[in-house]
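You will see two complexes here that share subunit A, one where it goes with subunit B and one where it goes with subunit C.
Right, the complex of A and B next:
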C-alpha cells in the first residue's frame, strides 16, 4: 500500500472539476498590479518610478533583504503609479501599477517551447539565477526559493522532495502542469539536484493522479536518481512536514527546526518548473498556472496567467461568477483566503480562484464543545486544537505556547471536522500570532 | 472504663495537644502585615480591573503602603475623596487627578459606513482585525465584535445594535483603560471629562488618503486640515491624513466642529445651538451628535438647560 503520513488528516471531497481541461493562456490585462509583498519576508523595494517604460521581464522591484525576492513586470507598458491596493491578505498593501501597452519582451528571454536539456552553469550561478528571477514557493506559502536552497551549513541534505501532491480539493494547476510539461519538470529537478549537490530526488504524487504518475514514471525510467512515489490520498499531505514523513518516514522536530535538519529540501512542482524557465530560458517569474473553479462555474479551467492580472478577468474566462456565489477564495478551500473583492491581482502564490456557493460557504451556528476529540484525531501535527482554542479565548498565551501552538500548520483539519462547528482555527491563528510576537520579543531581548 | 469515656478522653487529649501545637506554630511563623493594607483594600472598589497597573486592588494597596510617595499611584476608578482617604492612611499627599472617560473615536455606524463584505469567523475583534481589513471599506474603524464590551468590568460599554458601534455609559465609565487595550484597532481613547462632560474630539481614526477614506465612510476624516487652521489654540495636529485634537490644549470653542466638511469632529453634551445663529450646514451638524457614541444622560441635559 502507498505511503502516507501517520497521524491525523482528513478526507475532504476531491472535487477536481478542472482536471481534464488543458492549460490556456489568459489574455493580457489592461492594467497589471504588483503588490510589493508577494512572498514571506521583507517586502520588495520598487526600482521604477511613475512614468517609466517597462518591458515584459523588466525588474520593477528589488529584494528587500536576503529573505525577500525581486519582482518583475509581466507586461510591457508605463508605470502608472505606486499606491496601495487591496490584495489577497484582505488589507491594503503598497503596489506598483502598470498600464499595459503592447507585449514586447526584454531581450534575452527565450520564448520558444524547445526543451533545453543542458545546463552549463555552476552551482552558485544557478542559485544567483534563481534569486534574480524572483522565484518563491509556488504552492501558496511563497517562501523565497533561494533561501530554501541555501540550507544551514551544519545540515547535510540527502534528498530533494518534489511536492506534486496537490492535496487541496478543487485545485488542478500542478496536475495539469505535470501532464503538459513533464520534460521541463525533470530538467528542473536535475538543476535543483545540482544546486544542492545531491543525487536523489523523490517526486511525491497522490494516487488520484494516475495519469501524471504514469507519465512521469515513463519519462524518468531512463534517468537515474529521480523516483516517482505514489502517495495515499489524505489532506494535508502537501504540508512540508507531512510530505517528508510520508516520503522518508522522518519527522521534523518542532520549530525552530527546519526540514533541512532531517536532511530534506521540499520544493513544489510549480517552483521546479519556474526554476527550469529561469535557468534554461532566462525567464523570470512573471506568470503562473491558476485553477479557476467552483461547483456552479460554467467552465472550470486552468489558466496561464501573467502576474498582476485582476481576478475578475480570470472569472470571466471561466464563464463568469455564478449568481449564488457566497465566497470567493484565493487558493484551495481548506487553506485559501477569502477575497474581499474581485479586483485583487494574481500574485506569485495564487494557486487557484474558487467560487463557493452560498449554501456551502456559510458557516453554521457555533455550539459548545462536546469533548469528542475529533479535532485531536484530525490534527496532523498531533496537537490538541480544542485546548489551544480555549487557551486563546482566555488569552492564556503561556498555556498555548506550552502546548506547542507554534507547530500548528493552519491546515484547518480541526475546524472542518468539528461537529459543533467551532471556529477552532480562527482562535488558534490568533494565539499563534500573539505567541509568535512574545517569542520574537523574548529572542530580541537575549 | 466504658468505651465511650475512653473515646472522649483520647480525642479530647489529642485535640488539646494538636491545638497547642497549632497555636505555637501560628505564633512562631506569623506573617506580619501592615494593617493599613487591609484598610486601603477595603476602600478600593475591588473590581481588580488592573487600570492602576497593578495585578488587582490588593497589590495596589500594598504598593500604596510600601512606596514613599503616592507618585504614579492612582486608582482611576476611585473618586478623589477616596484617594484623599487613602492618602490620609498612608500619610502621603496625593495629586488631584483629572477625571477621564473612554471615548470611542469611530462614527462608522451602519448608515455612515456601508458593509461590503460579511465576516463570519469567530466573534472576536482581535481575530477579525488580524485576518482581514473588515466588513467595510474602512480598515481602521470599529470591527464591531465587542471585545471592548467583554473587557469592561464596570458594565460601562455596550454594543448598540442599531448603529453597530460600542456606546460608553459615561456615568459608569471609570477610565480604567481596559477597553482601550482590548480594542485591536486602538479606537478607544481616554480623554478628560471637562466641565459637564463636554468633549470635542475627532470621531475617526482612518489614516487612508482622503478619497479612499471618504468612499469608505460618510463621516471619515479626510485630512483636509481645515480644522487645524480654524483652531485658535493650536490644539489640532494633522498626521497621516488624520486630525487629532489634543485634549490638554482644547478649550471647547467648537470652531473646528463647524469647519469640518465631513462632520467627523464630534462635540458631545453641549447645549443645542440657538436656531437663528445656525449656518446653512448647522441643521445637519445639529442632528449629527445623535449617532455619536455618548448620548447625553437625561439629568445632564436638565443641568445644561439650567445653565
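Right, the complex of A and C next:
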C-alpha cells in the first residue's frame, strides 16, 4: 500500500470539480494591485513612484531584507499610486497600483514555449536568479524560496521533496500544472538538485491523481535521481512535516527545528515551475495558476492569472458568483482565508478562489464538549485540541505551552471533525499567538 | 458585489458529524439487545425500558426547561441512551416506581447537577443503577427466570450464572450442574438484567459502533482481554473452583458494560493509550469484585471507580507527539 503519514489526519470530500479543465489565460486587468507583503518576512520596499512607466517583468519593489522577496510588475503601464488595499488578511496593507496600458514585456524575458533543457549557471548564480525573480512558496505559505534553498551549514541535505500532494479539497492548480507542464517541472527539479548539491528528489503525489503520476513516471523513467511516489490520500499530507514523514519516514522535531534538520528540503510543484521559468526563461514571478471553483459555480476552472488581478475578474471567468454564495475563500476550504469582498488582488500565494454556498458557510451553534476524543484522533501533530482550546479559554498559557501548542500547524482537522462544532482552532490560534509572544520575550531576556 | 459574506477563520468545511449522529447510532446499536431481551423476558423487559426512557426524558426536560430555563436538550439523544442503559441494568420484574426513582437520580444527580451532557464525571445510568442497588437490594438482585413472556412482578425468580459461579467458588460443587451451557449464555436465555441477556446481540451492537466510527476498539477490547487473562489465570490455578474465562466473558453485565457503559464519551479517557489503561483498570476491578467482593457482579462499581480516575489518566497518558524524541 502507498505511503502516508502515521498520526491522525482526516478525509474531507475531495470535490476536485475543476480537475478536467485545461489551464486558460485570464484577461489582463484594467488596474493591477501589488500588496508589498506577499510573503513571510519583511515587506518589500517600493522602487518606483507615481507616474513611472513599467513593463511586464519590471521590478517595482525590492526585498526588504534576507527574509523577504522582491515584487515585479505583471503588467505594463503607469504607476497610479502607492496606497493601501484590502488584502486576504482582511486588513488594509500598503500596495502599488498600476494602470494597465498594452502588454509590453521587459526585453530579457523569453516568452516562447520551447523547452530549455540545459542550465549552465553555477549554484550561486541560480540561487541569485531565484531570489531576484521574487519566488516564494506557491503552496500558500509564501516562504521565500531562496531562504529554503540556503539551509543552515550544519545540516546535511540528502533529499529534495517536491510537494505535488494538493491535499486541499477543491484545488486542482498543481494537478493541471503537472499534466500540462511536466517537462518544465522536471527541468526545474534538476535545477533545484544542482542548487542543493544533491542527487535525489522525490515527487510526492496523492493517489487521486493517477494521470499525473503516470505522466511524470513516463517522463522520468530515463532520468536518474527523480522518483515519483504515489501517496495514500489523507489530509493534511501536503503539510511539510506530514509529507516528509510520508516520503522518508523521518519526523521533524518540534519548533524551532526545520525540515533541514532531518536532511530534507520541500518545495511545492508550483514553485518548481516558477524556478524553471525564472532560471531558464528569465521570467520573474508575475503569474500563477489559480483554481476558481465551488459547488454552485457554473464553470469551475484553472486560470493562468497575472498577479495583481482582482478576484472579481476570475469569478467572472468561472461564470460569476452563484447567488447562494455565503463565503468567498482565498485558498482551499481547510486552510484558506475568507475574503471580505471580491476586490482583493491575486497574490503569489493565491492557489484558489473558492465559493461556498450559504448552507455550508455558517457555523452551527457551539455545544458542550462531549469528550468524544475525535479531535485527538484527528490531530496529525499528536496534540489534544480539546485541552488546548480549554487552556486557551482559561488563559492558561503555561498549560498550553506544556502541551505542545506551538507544534500546531493549523490544518483544521480538529475543528472539522468536532461533533459539538466547537471552534477549536480559533482558540488554539489565539493561545498560539500568546504563547509565541511569551516564548520570544523569554528568549530575548536570555 | 451583492451578496453578504460570512467571515470566519479556517477550516471552512465540516465533516458533518454531530452529537445527535453519534447518540442515535448508539441507540441503534442498543436495539439488537433490546429485541433479544424482549424475546427472552417478554413484556416485562419492554415495560421497564419504556418507563425508564420516558422518565429520563421527563426529568431532563423538567430540569432544563423548568429549573434552568434553557432550551431543551432532549433531541440530542443522550437522555434516551441513559434511559435504555438504566433499564438494561435492571431485572425485568422491577416495580415501576423504582425505575422512576432510578431515572431521577441518573438524570438529576448523575448528569444535570453537573451541568448536563459533557460535564458529568460519572456515567449517569450507572449512578442511577448503583443508587438503586444500594437502596433496593432485594428487588435489584432477584432476577426472573427467562421465557415468562407475560409475567411482570409476579415472575418466578432464579439464580443467575454469576450467583452460581459464586456458589461454586464457595465450595458448593452441586451448583456446577445448574450452570447453563456456554451456548445458551452466548445466544441469550438465562436469568439476569434486561440488557445483559444476549452476548450475541451486544456484539452486533459493538460492530455497529465500530462500523459507524462512534467508538474505537480500545476500551472494549482492553476490558475483555484483561478479564479473560485474569480469570484465565485463576482457572488454570484451580479449574474445579473457578469456571473458565469464556464463561466470565459471557456472563453478567461484562459485555454490556464493556461495549456500552465504559465507552461513554464523557466519562472515558481522551487518548488511545489512556483508553487502554482505563480498560485494564475496569477489567482488573471487575475480576477483583467478582472473586473477592460481596456482590456477585462488579462491572458497575469498576466503571464508576475508573470514571473517577479518568481525569488523572488524561493527565498521565498523552498522545505520541509528532517529532517527539523519547528521553
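Here is the rule we go by: the second predicted complex is superposed on the first by the 446 of 446 C-alpha atoms of A that agree within 3 Å, B and C clash if a C-alpha of one lies under 4 Å from a C-alpha of the other, contacts with A are read in each partner's own complex, and residues count from 1 in each chain.
Here is the rule we go by: a residue touches a chain if its C-beta (ideal position, glycine included) is under 8 Å from a C-beta of that chain, and two chains touch if they have at least 3 such contacts.
What you see is a predicted model; the values in this text were computed from it and never measured.
Enquirer: Check whether A:54 is in contact with subunit B, with subunit C, with both or with neither, and answer first, second, both or neither.
Expert: Touch partners of A:54: none, neither subunit B nor subunit C.
Enquirer: On the A-aligned overlay, A:340 touches which partner chain: subunit B = first, subunit C = second, or both, or neither?
Expert: The answer is both, since A:340 touches subunit B and subunit C.
Enquirer: Using the touch definition from the top, say if A:363 reaches subunit B (first), subunit C (second), both or neither.
Expert: both
Enquirer: Looking at the overlay, does A:165 come into contact with subunit B only (first), subunit C only (second), both, or neither?
Expert: Neither: A:165 stays clear of subunit B and subunit C.
Enquirer: With both complexes overlaid on chain A, does A:92 touch subunit B (first), subunit C (second), both or neither?
Expert: first
Enquirer: Between subunit B and subunit C, point out the one touching more subunit A residues.
Expert: Counting contacted residues of subunit A, the larger count belongs to C.
Enquirer: Taking the superposition as given, does A:229 touch the first partner, subunit B, the second, subunit C, both, or neither?
Expert: Neither subunit B nor subunit C is touched by A:229.
Enquirer: Check whether A:427 is in contact with subunit B, with subunit C, with both or with neither, and answer first, second, both or neither.
Expert: First partner only.
Enquirer: Taking the stated contact definition, name every residue in subunit A that is touched by subunit B in one complex and by subunit C in the other, in rising order.
Expert: After superposing on chain A, subunit A residues 90, 338, 340-341, 362-363, 426, 429 contact both subunit B and subunit C.
Enquirer: Contact residues on subunit C for subunit A in the complex?
Expert: Result: residues 1, 3, 5-15, 17-19, 21-22, 76, 115-119, 216, 265-272, 275, 314, 318-325 of subunit C touch subunit A.
Enquirer: Can you check the complex and tell me which residues of subunit A touch subunit C?
Expert: 7, 10, 12-13, 90, 169, 241, 245, 251-254, 257, 312, 321, 323, 325-329, 331, 333-342, 354, 356, 358, 360-364, 367-374, 376-377, 379-384, 386-387, 403-404, 407, 410, 412-413, 415-421, 425-426, 429
Enquirer: Would you pull the subunit A residues touching subunit B in the complex into a rising list?
Expert: Spelled out, the residues of subunit A in touch with subunit B are 86, 90-92, 338, 340-341, 362-363, 366, 393, 423, 426-427, 429-430, 433.
Enquirer: Note which residues of subunit B are touching subunit A in the complex, please.
Expert: 116-117, 120-122, 124, 126-127, 130-133, 139, 208
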